[in-house]
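Naming follows writing order (A, B, C and D), and every chain is counted from residue 1.
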Amino acid sequence: MCSIKKDKLIIGGRTLNSRLFIGSGKFPSKSIIPSVIESSESEVITMALRRVDLDSKEHNILNFIPKGIQLLPNTSGARTAEEAIRIARLARAMGCGDWVKIEVVRDNKYLLPDNMETIKATEVLAKEGFVVLPYMSPDLMDAKRLVDAGAATVMPLGSPIGSNRGIRTEEMIKIIIDEINIPIIVDAGIGKPSEAAFAMEMGADAVLVNTAIATAQDPVIMGRAFGMAVEAGRLAYEAKLGRVLNRAEASSPLTGFLGDKI
Amino acid sequence: MCSIKKDKLIIGGRTLNSRLFIGSGKFPSKSIIPSVIESSESEVITMALRRVDLDSKEHNILNFIPKGIQLLPNTSGARTAEEAIRIARLARAMGCGDWVKIEVVRDNKYLLPDNMETIKATEVLAKEGFVVLPYMSPDLMDAKRLVDAGAATVMPLGSPIGSNRGIRTEEMIKIIIDEINIPIIVDAGIGKPSEAAFAMEMGADAVLVNTAIATAQDPVIMGRAFGMAVEAGRLAYEAKLGRVLNRAEASSPLTGFLGDKI
Amino acid sequence: MCSIKKDKLIIGGRTLNSRLFIGSGKFPSKSIIPSVIESSESEVITMALRRVDLDSKEHNILNFIPKGIQLLPNTSGARTAEEAIRIARLARAMGCGDWVKIEVVRDNKYLLPDNMETIKATEVLAKEGFVVLPYMSPDLMDAKRLVDAGAATVMPLGSPIGSNRGIRTEEMIKIIIDEINIPIIVDAGIGKPSEAAFAMEMGADAVLVNTAIATAQDPVIMGRAFGMAVEAGRLAYEAKLGRVLNRAEASSPLTGFLGDKI
Amino acid sequence: MCSIKKDKLIIGGRTLNSRLFIGSGKFPSKSIIPSVIESSESEVITMALRRVDLDSKEHNILNFIPKGIQLLPNTSGARTAEEAIRIARLARAMGCGDWVKIEVVRDNKYLLPDNMETIKATEVLAKEGFVVLPYMSPDLMDAKRLVDAGAATVMPLGSPIGSNRGIRTEEMIKIIIDEINIPIIVDAGIGKPSEAAFAMEMGADAVLVNTAIATAQDPVIMGRAFGMAVEAGRLAYEAKLGRVLNRAEASSPLTGFLGDKI
């Protein structure tokens, strides 16, 4: 799988130049979305199906997404596998394409995903030809089950959705990166560009960011910041970071200077 | 001082477009330095005076630094204020310009700076017209003394030189950023682009990176990664990051979807 | 459930004075175990059934456990719910009592538990009258399923077994503590007394420690250290910790002293 | 200095059984102090001289400190070495003994100590026969200067006074512990028993805690919690903690169980 991990990210047969996925919720106005897509250079945007209102030009989020951008409808609102499956099929029928991000959430406070239901939905939808990107609680055994169920990627969370708390599940995500051979996309909780860069340095294949961009004072500039940070983190991963020492190591000659040279 | 902190960084009357300073030590070969300057877009490079050997074309680091790049000779090797002052004057006499990074180190294991000697050297050299950038242990009272002594910036350390241990002095650096009104450059210990971005998000004005770039498997790409990360962190600081929550907050509508729409 | 959380810990109808559970593996010699039980004041000890060799006095771990200590046989070695169930039944038949710690592990590198199989085993064994303490990956939805399956406690991991890496899953464990109303026992990864105290300060009901005690240079003293740290953390939880500030707050009068008094 | 570091802590010729120092500020009532001394088993208590009002029984803190407890008057309120010296002499003249904790603070927001003034005061007072315990910003070179000036201990801060932010200067304190051969007492910022235990596990010789005990809902129980945590951390340091691994290591036999034994 090394060829997938290096160079370009390929998901569902599509080659992506950007490893930043963005969300479409929480923006002060939908009309800012095209500028954020441009500044961030993101090529994938997720949206809740409720926002796809075919009858209304103003309210239909699809009218704000430029051509060529990969739509990633999500099953937000689903509380069971069955509901997620139903939403996914509906999205495809409405012309949103084959990609779907599975979100099955039954916890109203922390909005944590239900892995078991997510695995069930993934299995059904992958068989129906969907490119399935499941949002998950970072658990290795469930990540393996998602691979077996036909997931195109796994999307472990960094911390609760919308919290901007960063990557608090580093230990588990590192293990998933070490053991799972489909693309790993860190989703939820990333609040700063430095955290997005850190995810990429660890070896994640992409990140999804919504709240941190949408609720920034200037979402367009913040989108650009995230786009650059994700690329920086990926470059660092490819250029191989040096070792961490317990003590210092001089960058410059420390002794003999004055005696020798002056 | 807000006008200095925003937009462009101005030090010693010079406007800098890049907020990444780099070092010249530890590279596998000096000949790679021009490519790293180009990829990182850095405009300031520090070097130990020992490396400035005017008689030798091959060994003289100055031959590897493109025109227009700001030289920042450092006093590496100095163990007292007097030695640092002597090296600074020599550097200027040799044509290296007015800028000087004060390094006074008497601790052989962790290579930590001696703030008291550094303050003395800063006071003397600032009066002689040098643009003085002192490397320091992150202490607020000593930072205030450096301001009083005429420092152009303060350069608190993140962790011991060359350790790649990251910003382990965050608590103290944040306080310095909050209280000191000359540019703050985080120097030493930064090992990853995400850490450089984090320093900028905190409100640092610039960072100096040497080991992490020079000892990467591919220093040119790593230089580019750091250049992008520093810019990303700065943009995020300017675009104002959102708040961090203790719980989740939905990006998408979570309830009512199925009932309302289907 | 407040009455369970406060004062005494009650599991399976048994009131426990100590909130430190210990393991029996990895000790330099089994003969040290009684001294560790005494120094740590632990009242619950877990052991792999393999170590229970009824035919051999020297090799049978039961001969090294004082009367009155609660045995907690574990299903170490089980790779499926069925195997765990079989081991649990065998342990009871051999006279090890009704308590069982479910461990179902199919991951050979990180030894992470398989929640789905663990839930299945818990359901069967709880119906058979076992007091079931399941070891789990820290996932809220699966913790809820374990409650529904009849678990007596949940035992989320801090980091991989035997790693001494500490509580790297703090974010998820805090959520479980917030949302689950049966005792929470943090198990695996705790490497230092300070980490055990931290788990208790967060509101965990108990911790299980094995490697950190068994592989210390002096396991008897280390057992005592953990016993005290667990009690300290619990007392702090009950005495209610103060708030954390972003700035300083004087403990002593800072101004006026010299003028007023001298 | 190993003999000092191990077993008992000796400062100024006095052998201390407890490694927890406490402060006397911020308690809801002075009358609770004797109970906190008893529950915490602390043998050293610091107080601002302002609180020593010889003419008033009710307001004089000395009336609330049991015999045998070591008084540690501090120079809180001093903004220069001269003021600190004056307060120390006054305290001795008032019968508070030879010990003095130097606090020189000129920063009104973060209340950070001024190392340079602290060193000057230490030098003068040590020559006058005081047992000098200087509160300091954690800087190795200044710690060396304090040793040279005759300090009995050094007291580096964990985070700003009264903040309960914990040990945020771990990197620098570890270096001081590694390099300085007089007792190291971590002072300021410790907010939880787990943090006190952590300081001791690192090799600190003692900790000073005030706010976290005094502002707890139940200061007497919190005092006990800190007393136990400090002892636990010290025992762990003496019993030598095990290594930290990057992967798991089984506590129990993982394979062969079912096949071999049943």
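Here is the rule we use: a residue touches a chain if its C-beta (ideal position, glycine included) is under 8 Å from a C-beta of that chain, and two chains touch if they have at least 3 such contacts.
By chain, with names taken from UniProt: A, B, C, D = Thiazole synthase.
Keep in mind that what you see is a predicted model, and the values were worked out from it rather than measured.
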| item | value |
| --- | --- |
| From subunit C (Thiazole synthase), the most remote chain by mean C-alpha position | B |
| Gap in Å, rounded to a whole number, between the CA centres of subunit B (Thiazole synthase) and subunit A (Thiazole synthase) | 31 |
| Rounded Å distance, subunit B (Thiazole synthase) centre to subunit C (Thiazole synthase) centre (Cα mean) | 45 |
| Centroid spacing, where centroids are CA-atom means, of subunit A (Thiazole synthase) and subunit C (Thiazole synthase) in whole angstrom | 34 |
| Where subunit C (Thiazole synthase) touches two or more other chains at once, by residue number | 109-110, 112, 160, 165 |
| Chain contact graph, described as a line, ring, star, complete graph or other shape | ring |
| Touch relationships between chains, expressed as pairs | A-B, A-C, B-D, C-D |
| Residue ranges of subunit B (Thiazole synthase) in contact with subunit A (Thiazole synthase) within the complex | 23, 25-26, 47-51, 74, 76-78, 83, 86-87, 90, 103, 105, 108-112, 160-165, 191-195, 197-198, 201, 210-212, 214-219, 221-222, 224-229, 231-233, 235-236, 238-258, 260-262 |
| Complex interface listing, subunit C (Thiazole synthase) residues touching subunit A (Thiazole synthase) | 106-107, 109-110, 112-116, 137, 139-142, 145, 159-160, 165, 168-172, 175, 178-179 |
